[in-house]
Amino acid sequence: MTPADMQNIIFGLVTGSILAIATVGFSMIRQTEGFINIAHGQLLTLGAFLGYFFVATLEMNVFLAGLASMLLVGLFGVLLSIVVFRPVAKSGPLAQLFTSIGLAYLLFGLIRVVFGANVTFFPTGFGGRLDLGPVNVTVGEILIIVVAATVVGLLALFLTQTRLGTWIRATASNPELARLRGIPVNRVSYAVWFVASALAGLAGVMVGLIGNVHSELGWTQILIILAAAVLGGLGSIYGVLAAGLLLGLAMDLSALIIPTSYRTVVAFGVLILGLLLRPQGLFAAKGRREA
Amino acid sequence: MKPGLRQMVILAVIALVAAACGDAGGEADTTVGGDTTTSAGSEATTTAGDGATSTAGDGEEGPIKFGMLIGVTGDYAPYYDVSKAGADVAIAEINDAGGVLGRQVELVVVDNKSTVEGAVQGFSQIVDVEGVHVLGGPESDGAIANLQAIKDLQLPTICPACGTSELDEAGGDYIWRITGSDSDGGLIAAQFARDAGYTRVAMLVQNTEGASAPADVFKQVFTEIIGGEVVADVRFDPGQSSYQAQVDQAFADEPEVVYVGSGFEAGGIILTEWQRRGYGGGFLFSPDMVVPEIAALTEQGVEIGDGVARAAIAAYDTGSPAYESYAPRYEAITGEQPTPGLYDANQYDQYIILALAITAAGTTDGPAVAAEITELLNPPGTTVYSYADGVAAIEAGEDIDYHGASSSLDVNEFGNLSSPNFGEQNIVDGQWSQVATVELDPSLRP
Amino acid sequence: MTGVILFLVGVVTLAGIYAILAMILNLEAGWAGMWDLGLAGLVAVGGYVFIITTQTTHEDVVFAPGWPMWAGVVAGSLAGGIAALIIGIPSLRVRGEYFLITTLAFAEVIRQLSINLGTITRGTVGFNQFSRPFESLVSGSAYRWFLLAMVWVIVLLVYLLMRRLGHSPYGRLLRGFRDNDPVARSLGKHTNRHRIQTFVLAGLMYGAVAPLYVWFIRTVTPSLFTSEVTFVTWTALVIGGIASLRGPVLGAAILLVVTEAAALVQGSGEMAVVLASVRFIVLGLVLILVMRFRPEGLAKERDAFARASRRVEA
Amino acid sequence: MTLLDLKGIETGYGKIPVLHSVDLRVDENEMVALIGPNGAGKTSLAKAAFGLLPAMRGSISFDGEDLTGATTARRIHLGMAMAPQVENTFPELTVDDNLLTSFSTLAPEDSAAAVENAYALFPRLAERRRQSARTLSGGERQMLAFACASGTKPRFLLLDEPTTGLAPTIVHSLVERIVEFKDGGASILWIIEENPLEVLPYVDRVYVLSNGTVKAETKAEDLLSEEALRTLFFGLEE
């Protein structure tokens, strides 16, 4: 393995960590609520802008800003689920999907009215560069990976060790049976929307930190989130984590063999290949449930 | 089902009937325009001119409408505010000097959404609904999308900021470009590299037309004519959250300098990554990077100031009286200095040119106005630096040669600047500033 | 006033083009139940193949055979069909949301290829100087009326075709698959083969109508074929009434006229950013409200096929 | 006394009804069987009873309370429970978590006791308590489904064909457990597709469903002749 390979693995880990965080929430909604939420990308944008606002205007510490942004976007997600999505739940996944597309447009417009259409950069340093033999990594990148890993760890604990978390997994695993067994589906739904939206907010802050903050973020990110979600097996949370990382690595490692202008083609190429080999998703253990 | 079918048939019939009527109307328009352009009477020509540009047909009463078809939203949105400010300065100047042909001038802004589809619909809106007499403002893709329609409608159009190589030989009859082309931008960057003695250059180029066209010229000139080596040519798609692998690839073979051809959205990310990793070295920037957002990065610790990053952009002619009079008025609106990378002075110049052309033609008739533009930009003639001076000279029966705030604005047969001014830009104290003017070396032309 | 009418001619022409796209989408999505989010890719294939095969002179492309226009349309159509076949074989193994996402991915790949294969597609520059059909016969501003008529005649033809298809045994079969795949399969119908057939048919049609879009826009660049085309078509279909007959046309007409005519409401320059954002807000709100209060859309499938289903039951 | 009462039920998927005007009742401490050929609408009837499919027409009541538009949660709260035929477990969850989750309506200490009860009833499940439900055999899955549905001591239990594809010995022991449960005072609606001879002896009344309507309602004894059964399970129309 050459130094360039290893360096690109680090890049891929960073890309993949953010992607995994962004996709897990999307996937949870897909599984427990039963539809594809295109507006997830806009929640990410909102997170990025809120994080930027906290850091740049209120001069908050970046960790605090990230937390505050998660909290606000999470609550906003719950609100959206009640006001926008619950009323169309009975109309089926197509109606829900298009409600989410409508919501994406609506949020996109609102974000532009409130925050403007300009591109901005977080006014915060990213720590120094650390040389580890042939490769190097910056403190900020380590933090992103560490934060992503911690959040995933906490999420796993929440899902396996708490009653609410078990209910969420049960609902994701078999939504109809969850209703039959008297699981409080509303509470599960609120929890899922909060967690998923908060994760979108966190991913938004991370994207903003490593890249930039602008209103188009949501549209560009949702495509790649969809790819990761399908690759992981829609709704399989651990599969999605793996898929996010894999996709990040594939995109950055592909730079070594083919021109980087094909980076997005690589992402979708991996997706298509994955579906050809395992139509139910690369990491999904059970058979897919049809929409 | 039957009612549905009936509705469709009715719609289709209406469409066909309308088409037939439109056909007749269209012919009438063309005839009127063609017949009366030679007529001397100003009253008649004004009316006819409206017909020829198939406008809403307002008479000689009311304001003359100057169109601005521009990206208010979308990718070009960040340029909008300053562009509008530049245009406002011109419109105010024109109206303060008594308007054009005794009529006030009104600026009509229509959003092209920074997309091709938006440009086509916006063009129809600004021409058909608003009935503008002349047009300015479009960016490269918007101008290209409507190129054919502009010629069909004989609508005098000035492109203040289109770099596209598609316009290198397409204009001169109804469309003019008053900024340096992308091709020249690539050329001047190569000249920079030569003068600095660079032999090993890497390239980081965004996969969009405005970025890749000059980059290709740069690469061709630098390798074939100057004899340098491009050690890495990394192309990327915009809109990604990070470009770590791409930046790493560009710097892998330790180039002396990296040419960055990119919009500032991706460019900003690239520079922050460069800073984090401490790759070192220097940059040559494409003109799109010469915007305040990039300069402001130095305040966030990205060390590209003081000549680390150099760019050559079409310079403003800061010594020109036109510039000296324009700059304070622009500053009064925006609180900022005119900025060459933002093309605000070009936006200003275009409307002064169009107003002078209408004055010289004595009509708003498209072909007549268009016929004046090349003449009033080029010598011979009395050199004028403002709208009022130009009007005075025209009324005195003189030929004029307008020198603008952006440059002397001499154009060639294709409506392109024949000798665009370039200035070397460095970031000093968090702002782009011009450190030298550069003359393009013609021997480098491929 | 005549100016507004001329502007509306453009809007109604565009609405017609989207009406055609929405009718084709209705065939594959509304009746056959294949949620295709990649139609922009198929339109791109048709448009590019048309423009490339009809080009005569472009020193910077390797292939400019200069075929006559009708041959270009046929080639574009065939290319659309072939692309659909290539896309369909892997992605029709999966259904529902997976199909939706793979088609979206394919469309993005096609767009990326159109950017990166510069020697064939002229990259991001694209094509902008080409002639349009009968341009020598129909002059200047009248051409817009001609294009309008042409588009809406094709809307009518496609509508008649769809009406025939919808009421044919084939159409009933498709809707049957959509509603109850296992049952259809148990009846011995090869659902997958029919799906691929339908998707290829849709591809052929997307490819064939792509030149209309090209003639209207008068330029071909990769940025024309983003997923916004797909989303607008879907929104039109959903608002109009998915799986109905008139819905796609109704939806496209209303959506395009409302959103484009909203451009006529122009405030001051300072307000322009806000106003332009309001367009997205309105679009989003309309979609949300239609989904909430009339999820079947304005025209309903039940109404369109009421007689047909009664006949089946009898 | 009538516990569950369905009157004139019409239900279906999307716009297509699969049940037409079905009347069905289950009395207190009664075991009722529902039989009929594949695709007759038995599972749809079960889903309608629990509000998983909407009742387009007709009414549903339980213990005298009208439940026609009530949520599934309300029905569970009143003491209704069901073990579906397929997808009857949470495959990603362990056996333990399946049981715990199923007893979420109970207080925490009661649910722990209910889990131990279930293991006492089905020792094989206790051996597999840490395994995910996906890894269970078909018989173990049916045991788990029944244990989950019956563990909260519901007054009414709907079993959607719990014996499909199971080995005869397992069928036998499962039927025994179910009968014991009924003898404890509960009512059962049992959807039968296979093994009728194992089940019918315990059944009080039988509904025969075909093409979405109730074709007959009889005493179980009348059906126990072989000829009647053959007619029933190989199609009614021929």
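Order of writing sets the labels: A, B, C and D. Residues in every chain begin at 1.
Here is the rule we use: a residue touches a chain if its C-beta (ideal position, glycine included) is under 8 Å from a C-beta of that chain, and two chains touch if they have at least 3 such contacts.
In this text the structure is predicted, and so the values were computed from the model without any measurement.
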Leader among chain pairs (count of C-beta contacts): B-C
By CA centroid distance, what chain is farthest from subunit D? B
Approximate Å spacing (C-alpha centroids) for the pair subunit A, subunit D: 40
Please compute the C-alpha centroid of subunit B, do the same for subunit D, then give the distance between them in whole Å. 74
Quick check: how many Å separate the C-alpha centres of subunit A and subunit C? 30
Within subunit A, the set of residues that touch 2 or more other chains is 112, 117, 259, 261, 264
Multi-chain contact residues (two or more partners), subunit D: none
Considering subunit C alone, which of its residues make contact with at least two other chains? 112, 115-116, 273, 277
Parts of subunit D lying in touch with subunit A, wherever the complex brings them together: 50, 52, 54, 72-73, 76-77, 81-82, 84, 87-93, 97-98, 100-102, 104-105, 134, 148-149, 152
Listed in rising order, the residues of subunit B that touch subunit A in the complex are 73-74, 77-78, 207, 234-237, 239-242, 244-246, 248-249, 252, 264-265, 268-269, 272, 275-278, 293, 297, 299-301
Any idea which subunit C residues touch subunit A in the complex? 35, 90-91, 93-98, 100-102, 104-106, 108-109, 112-113, 115-116, 227, 231, 234-235, 238, 242, 273-274, 277-288, 291-292, 295
Spell out the part of subunit C that touches subunit B in their complex, as residue ranges. 1-7, 9-12, 14, 112, 115-116, 123-126, 128-129, 138-146, 148-149, 152-153, 155-156, 159-160, 163, 216-219, 221, 223-224, 245-246, 249, 260, 263-264, 266, 269, 272-273, 276-277, 304, 307
In the complex, subunit A touches subunit C at residues 30, 36, 84, 87-88, 91-96, 98-99, 101-110, 112-113, 116-117, 223, 226-227, 229-230, 234, 259, 261-262, 264-265, 268-269, 271-272, 275-276, 279, 288, 290-291
